[in-house]
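Take a look at the following structure, please.
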Amino acid sequence: MVRVEACSIGKLYGGVLVLDQVSVAFQPGLLTSLLGPSGSGKTTLLRVIGGFVAPDEGEIRFNGEDVTSVPLWRRNVGMVFQSYALFPHMTVEQNVVFGLNRRGVRGEAARKETARALEMVRLTGLERRRPKELSGGQQQRVALARAIVTNPRVLLLDEPLSALDRRLRQDMQIELRRIQRESGLTTVFVTHDQEEALTLSDSVAILDRGKIVQEGTPGAIYERPRTRFAASFLGDANFFTGRATQGGVETAAGLILTGYALPPIGTSATIAVRPEKMKIFGARSADFETSDENKIQAVVAEIVYAGAVSTILLKSADGGQIKVLTQNREMSLAAPGECVSLAWSAAHSVVIED
Amino acid sequence: MIAFGRIYLVVIITFLYLPIAVMVAMAFNESELYTLPIEPSLRWFAKLAANAPLLSASRNSLLIAFATSAIATALGAMAALALERRQFRGRTLLRLLLLPPIAIPWLIIGTAMLVFFFWTGIGRGLHALLIGHVALAIPYVVLIVGAGLQTLQADLEEAAMSLGSTPVHAFFMITLPLWLPSVAAAALFAFAVSLDQFVISYFLSTPGVSTLPVEIYSSIRKGFTPEINAISTIFLAVSSALIFVFAQLSNLGGKRGSG
Amino acid sequence: MSRDFRALTRPALARRRWAIAALVAPAYGWLTLAVFLPLSAMLFFSFLKAAPFGTRPLQFTIDNYLAFVRRPYLVDVAWTSIQIGLWTTGLSALIGLPAAMALARATKGRSQQVLFLLIVLPFWTNGLVRVFSWTMVLREGGVLDYALHLVAPPAPPFSLLYSFPAIVIGLVHAYLPYMILTCYLSAAAIDEAYIEAARSLGARNPMIFAKVILPLCLPGLISGSILIFVPVIGSFMEPRILGGRVGVTMGTMIEDQFVQAFNWPLGAALSFTMLGVVLLLFGVSSRVLPRRILAQ
C-alpha cells in the first residue's frame, strides 16, 4: 500500500494560477476525495499526481520517492476517466488486459488476472463484448477493472459517476467503495458532488480556486468547517455575523453562544450553524424545555416537504434567512407566518473564518 | 404536399442524369453521327483500344491520381495531426491558408502555376501535373482527416499511456487503427479529385503529355469522335465506384461517440 | 507572484514546437511552392509591361489593370460573365431550394440517404464529361431535336448548342448539386418545433414558408450562391464547348492571354481583378453568414 503525497504543487495555465502551493497527503489504502466547484483545480491536481501533466512547481512522492519526473507510462497509476475512455476497437477483455500486456504479463497469467478483475467488478461473462454494446454502468465497471488489474500504486478517479443517472449513481457509489476496500489501493477521487464525497471518502480535501481550504474526515469537516466556503460547499449552513464578546457573538438576531475559541473581543466574528442542529419550538410543539444555550425568534416563511425530512425556511429578527432541517416525526411543526423559537446548543455554533 | 415534393425530386434527378444517360447510350450506339434510334454496338470501345493519345492520357491520369493520393494523404495527414491535436500560436492562420486552393477559382491557380513553373524552369509535364494535383488535394485531405480525428476521443491515448504505453505505442495501437477509415476516405477523395481535375491539368499539360480530361477537351474542340463517349463512360463508372466506396468508408469512420 | 515557472517548461515547449513544425512543414511547403509562390509571381507579372523572359530590362506599369478602360470590349466580356453568373446562380437557387426542402422534409431514412447520394454523385463525376454529354442533347440531331421531331415532324432542325442558354443550362447542371447540398444542410437543421410553434400561433403555410423556413435557409442559399457564382464567372470550359463563338467570358479571355496571345501580364492582371471580385464577395458573405464555415 502506497502513501501518496503532493508537496507544494504549483501549476500555471495561461497566466492563471490553477494550483497554488497545494500540499496534500493521501493515506495508504484509503479513499481521499478532492472536492470543489469547477475551476477549483481538483482535476488538475489529479492529473499532476498521475503524471498526465507536469507541475510547474513542487513534487509528487510515492512512499517518499520523488516521482515528479517519472513519465506517465512508467508511473504505474490506474486512472478511470470521466468519459471512461474505453478502446472502442477492442473487446472488454482486450481493454482490461492491455495494461498487463504492457507490463509483460501475457497468456494464461494475464487471463487469470483479467478474470479476477472482471469478477471484482461483477462483469464476468461480458469479456467478448465491445464497449458500444455495454450500458453506461457496465462501461464504467470495465474502466475500473482495467485500472485496477495492474495493481497500480494509486487509483485515480475523475468524476467517474457524473454520467450516470441518480439511482445507478447511488448503487455505483456503494460498489465503488466495496471494490476500493477489497483492492486496498490508495485512491484519489475527484468530485464536485458533496454528497458523493461524504458517502465514499475516508478523507476529504476541499479545494477552492487552486488552494486547499480544508482537509479531514467527512465528519470532521462537516461538523467543524473552517471557512464560509467549506461550510457552504459541504452541506448547508446558517451564518450569523457580529461582534465577538465573552463566550459568544453579538449579532442582529441576538447573542449567539459558542463553545469554540473566538477572535479578540470587539472584532468581527461569524458563526455557522448546520440546519439539522436547530430545533423548532412553536405554538404546536409539545415541550419547550431545552437545555440548549441558544434561542432566537423567527417567523416561518416556507416549508419544503420531502417525505422523510422537511426544510423550513424562516426569517430571523434582523431579516436574515435561516434554514432548518427536521425529520418529520410529527405532522406539521409549524405553518408559514407563524412565529417560532429556534434552539441549538453552543457546541453546534462553529466559529469560522470568513 | 409530400407527394409533390417527391415528384419534384425525381424530376430534378432525371435532369441531373439525363445527359449522362444519353452519353452512355451513345457510347453503345452503332451510328457514328449519333443518329437516333440506338443500335447497340461495342464498336467505339474497340476503336478506343487503338486510340493512342486517349489511352496514354488515361494512363497518365491514373498514374498521377495514384501518386497524388499517396503524397497528398501522407502530407495532409501529418499536417492534420499537428493542427487538430495541438494548440499553438498560428494554428488559425495555418487553417486559413488551406482555403485558397479550394476557394480561389482554379483558372487563376492554374495560370499562376503555369507562369511560375515556366519562369523557374520547372516547366510543364508529368512532374508539374503532380505538383499541381497534390497541392489541390492537400486541403481536402486535411479537412477529411481532421474531421476524423475530431471524432476520436482525446483521452484514449492518455488512457493507453496510463496503462503503460509510450506515446508512440499509444499512437500506433489506439489512434491509428481508429483513424484509418478517415485516412482511407481521404486517400480515395484525393484520387477522385486528381482524376477529375481539368483546369489545372489543362495549363500544365504539353501536347505530348496530358491527362484524360484535357485530351477529351482537345478532341471535342477538334471535332467529335465517338470514342470520347466510350472513354467517358468508363471514366464515369470508375469515378462512381470510387465515390460509392468513399461514402461507405465515411459512414464507418465518421460516427461520433462510439463507446 | 515572485516565482518563475518558465524555466522548467521552456525545453519541453521547444521540443514540442519542433515536432509541430516537422509535421506541418511538408504540406505547407508544398502549398507554398505550388500555390502561394505562383500567385505572388503572377501578381508580380501583372505589373510588368511584358513577360520577363529574354534580355529586355523589366518595365513596370499599371496599364494591365487599366485594361477595362483601355479596351472597352473587356467591359462587355465582363458583363457577359456576370450575366452568366447571375443566371446560373439564380436558376440554381430557384430549382435547388425546393429540391433541398423536398429532400429534407418529404423523405426520410433510407430513401433520403439514397436520394442524397444520387444528387451528390454527379458532381463527383468528371465535369468535362458532363458538359460534353450536354452537347449530345442540345445539338442538331441530338436528343432535344429528336424529341421535337417526334412531336412535330415538319419542324426545322433544332439546335440549342452554341448559344447563351446552352452555356447557362450546362453550368446549372454542373453546379446545381452545390446549391441543393448547402440548402439541404440548412433545411435539415430546421427544428420541427419552429414550424409547429408558428402553426400554433395561427400561421398558414405560405406565411410559414416566408417567415420561418426561408430565413432559416438563407445561410444555405448564400453559401450556395457563393460556391456557384465564384467558379462560374471564371469558367472557360463550358462557355467554349457549349457557347462556341458566343461563349466569350472573362474565363476564356484570361485563358486566351496565356495560351494564345501570350500576353501573360495582361492575363495576370485580369486574373487578379477577378480574384479581387471573388475576395470581395467572400468578405461580404462572411459578414452575412454565421461563422460556422470559417470555424472549421
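Letters are used for the chains, namely A, B and C, taken in the order the chains are written, and counting of residues starts over at 1 for each.
Criterion: a contact is a pair of C-beta atoms (placed from the backbone, for glycine too) under 8 Å apart; a residue touches a chain by one contact, two chains touch by 3 or more.
Since this is a predicted model, take the numbers as computed values, not measurements.
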item	value
Label of the chain whose CA centroid is most distant from the centroid of chain C	A
Between the pairs B-C and A-B, the one where more C-beta pairs touch	B-C
Between chain B and chain A, distance of the C-alpha-averaged centres to the nearest whole Å	55
Whole-Å gap between the CA centroids of chain B and chain C	17
Residues of chain B whose C-beta touches two or more other chains	none
Chain B residues touching chain A - in the complex, by the definition given at the top	153, 155-156, 158-167, 169, 174, 177-178, 258-259
Complex contacts: residues of chain A adjacent to chain B	50, 52, 72-74, 76-79, 81, 83, 85-89, 98-99, 102-103, 130-132, 134, 139, 146-147, 150
Residues of chain B that touch chain C when the two form their complex	1-6, 8-9, 12-13, 15-20, 22-23, 26, 33-36, 75-76, 78-79, 81-83, 86, 88, 94-98, 100-101, 103-109, 111-119, 131-132, 134-135, 138, 142-143, 192, 195-196, 198-199, 203, 213, 216-217, 220-221, 224, 228-229, 232, 235-236, 239-240, 242-243, 247
Sites on chain C touched by chain B in the complex	16-17, 19-20, 23-24, 26-28, 30-31, 33-39, 41-42, 45, 52-53, 95, 98-99, 101-103, 105-107, 115, 117-119, 121-122, 124-130, 132-137, 139, 141-143, 146, 173, 176-177, 180, 230-231, 233-237, 240-241, 251, 254-255, 258-259, 264, 267-268, 271-272, 274-275, 278, 282, 294, 296
